[in-house]
Amino acid sequence: MTEAVYRVVEIVGTSEESISRAIDHAIERASKTLRHLGWFEVVQVRGAIDNGKVRQYQATLKVGFTLE
Amino acid sequence: MTEAVYRVVEIVGTSEESISRAIDHAIERASKTLRHLGWFEVVQVRGAIDNGKVRQYQATLKVGFTLE
Amino acid sequence: MTEAVYRVVEIVGTSEESISRAIDHAIERASKTLRHLGWFEVVQVRGAIDNGKVRQYQATLKVGFTLE
Amino acid sequence: MTEAVYRVVEIVGTSEESISRAIDHAIERASKTLRHLGWFEVVQVRGAIDNGKVRQYQATLKVGFTLE
Amino acid sequence: MTEAVYRVVEIVGTSEESISRAIDHAIERASKTLRHLGWFEVVQVRGAIDNGKVRQYQATLKVGFTLE
Amino acid sequence: MTEAVYRVVEIVGTSEESISRAIDHAIERASKTLRHLGWFEVVQVRGAIDNGKVRQYQATLKVGFTLE
Amino acid sequence: MTEAVYRVVEIVGTSEESISRAIDHAIERASKTLRHLGWFEVVQVRGAIDNGKVRQYQATLKVGFTLE
Amino acid sequence: MTEAVYRVVEIVGTSEESISRAIDHAIERASKTLRHLGWFEVVQVRGAIDNGKVRQYQATLKVGFTLE
Amino acid sequence: MTEAVYRVVEIVGTSEESISRAIDHAIERASKTLRHLGWFEVVQVRGAIDNGKVRQYQATLKVGFTLE
Amino acid sequence: MTEAVYRVVEIVGTSEESISRAIDHAIERASKTLRHLGWFEVVQVRGAIDNGKVRQYQATLKVGFTLE
Amino acid sequence: MTEAVYRVVEIVGTSEESISRAIDHAIERASKTLRHLGWFEVVQVRGAIDNGKVRQYQATLKVGFTLE
Amino acid sequence: MTEAVYRVVEIVGTSEESISRAIDHAIERASKTLRHLGWFEVVQVRGAIDNGKVRQYQATLKVGFTLE
């Protein structure tokens, strides 16, 4: 049927390199256990600082996927 | 014990007919895999438009249920 | 005088049928004790679930009325 | 090209009947002057009250459409 | 690898005694089924009233844990 | 009839001792003039400071009760 | 006793002249029926337009007062 | 027909004198190109500082008008 | 005159490559039809997922420009 | 270098006269100890009431200045 | 002069015991370097979890003090 | 002692190149005068536009550091 139902989960990806990599990590990891991922929304960007440099980027995402 | 703990999940129901049907779809689908659903809150209402008409209503719900 | 002052109160209407009926119930009940109701705003829509079906819709409204 | 750009406008539809009709009115009116309407989001539901009854529903929508 | 991915879930703990106990209940219950719980954030505190006394405290938490 | 209507009022309780006591004060005071109090939500916690110590806790609550 | 409890009500003042006058009208009107008004917070400023000029300013306030 | 549809646009008015003048400027300018302006809401007040004095007030408004 | 008035519009740029490219696309497209673009604010970052990879980044911007 | 860094501080100005004077007081006081103040944003307007009249306006501002 | 100006700073207190102790720690520490602390507002409550137990409470406060 | 207290400050970094560089600039500048920087959160991303191109990215951060 075309009247799909979706589930939305919240995931935090991290990366030492960039915000983009943090987003990618979150989605790659989510796709290992969840099928039919369809969209994401960035809800927060944070990070850890060490010695005056960004040590880690943390991107919190809402990720939506189809419930079969 | 009476001091229950609940879990809240986010679900998006869709319907070609109405917002109410979109809400119903979300709850019906959730109740297939989650027991003891107790309450919901509508957090967003969106929709898709086609040829100047609403083609699909999308209701995002938070749904709470008892953890046994 | 034309420079009216309004009061805003928060009311929750409920209905086993629909969100619309829940809104109507709230306004009908408010109009029994408050005169000169002028406008409302829906601030939250929640509901109770029983056996995988919506058992009750709950619409929280802000309702404004003229202070004489 | 596939990398589309969209514009989002804010519109308020009204109806004496229902919230759904207020949404429909907003989208029908928007589609007269804007082409390629693709989606909407309900950002507020208000209304006018007269003699203890809802006289008018007002649905504020964000409506998105493709820029050619 | 050090570039961890986390999942965030929403849980409501309850207690007849205090907000603190409601938070503790939520985390204790979550730790039964989820490993590697790392942090929480209190997103809402509500409660039930009976005969003019607080009968139950309800603490809604976001709880984060490492995905292995 | 089972389709109840509720009213929500905003109250600020204070206490020199603790946040919990401030919540209790608000609900005790409200229950003197309002019957059928059913639930509360904590919407803000503030306080006054004197000589580097908390002198007073202030808990702002929304309190709901049944309209007969 | 020094551990006071306060009530907060929402009022909309209007003025054809200025936002300040709209605030004043709201507080003057509230003080006719409520004693011990202590503070206010401006939560919204709106207005009506006629012929390209502001015809009326509308200031929505939360007003707090001591419950005796 | 009485079931009007409105459009809402966002405008920033500025003034070296006062917030009120900044609001007036925004509405005067909007009324040159938009007919049937009906209401506004102030969504942000900012300003520029020069030499420790306010050099410019900036009032961001949402302005609503009837679509014919 | 120095007391300028600005208009703010909402635009969604997309890109298969990066969030930055999505922002650039939105601004490049807006500058084709709007003159005197002055500033932007990122209000939301979303995206589409396909086969466990980000297929498209979507950046929603508010863009401000001078009204002549 | 042209790639400046700014600091934002939060300040509350008060006045017995008007909101404008409260804003001015906050900025005048801030400029005594902070150089290069560049902009402000009004984040809250509150006040104290005495005998049914506004006794004091309180304007909370975020104020930005260049870090040298 | 009675038209005081206040500064608001954001501080995070921590405690292994309770939220209250985390608040107290923040205020005690702030009072070592800032004089005339007058009020606080709790803006966030978070915590760290270890082995299914709360290991640390973290209370983020806005703290206001008089500028002389 | 392990029960640390942190301070959170708000900083705006700018860059002609990218959002990432704007974040880096803010943190590098903050680390010149503040020791023990521990984390950041991106609270706003804005920018300036010139001739239809992004001329400057502006990233507003909350930055937390340990108070000794």
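Order of writing sets the labels: A, B, C, D, E, F, G, H, I, J, K and L. Residues in every chain begin at 1.
Simple rule for what comes next: contacts are C-beta pairs under 8 Å (C-beta built on N, C-alpha and C of every residue); 3 or more make two chains touch, one makes a residue touch a chain.
Remember, it's a predicted structure, so these values are computed and weren't measured experimentally.
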item	value
Identified repeat of the H-I interface (over half of residue pairs identical), from A-I, A-B or B-C	A-B
Equivalent interface positions on chain A and chain B, same or different at half	different
Chain B-chain G separation of Cα centroids, rounded to whole Å	38
Inter-chain centre distance, chain A versus chain L - centres from mean C-alpha coordinates, in Å	22
Centroid spacing, where centroids are CA-atom means, of chain D and chain I in whole angstrom	22
Set of chain B residues in contact with two or more other chains	9, 19, 30
Touching residues on chain C, where the partner in the complex is chain G	2-9, 62, 64, 67
Of chain F, residues touching chain K in the complex	18-19, 44-49, 51-54
Touch list for chain I against partner chain L, complex	19-20, 23-24, 27-28, 30-32, 37-42, 63
Residue ranges of chain H in contact with chain I within the complex	9-16, 21, 25-26, 29-30, 56, 60
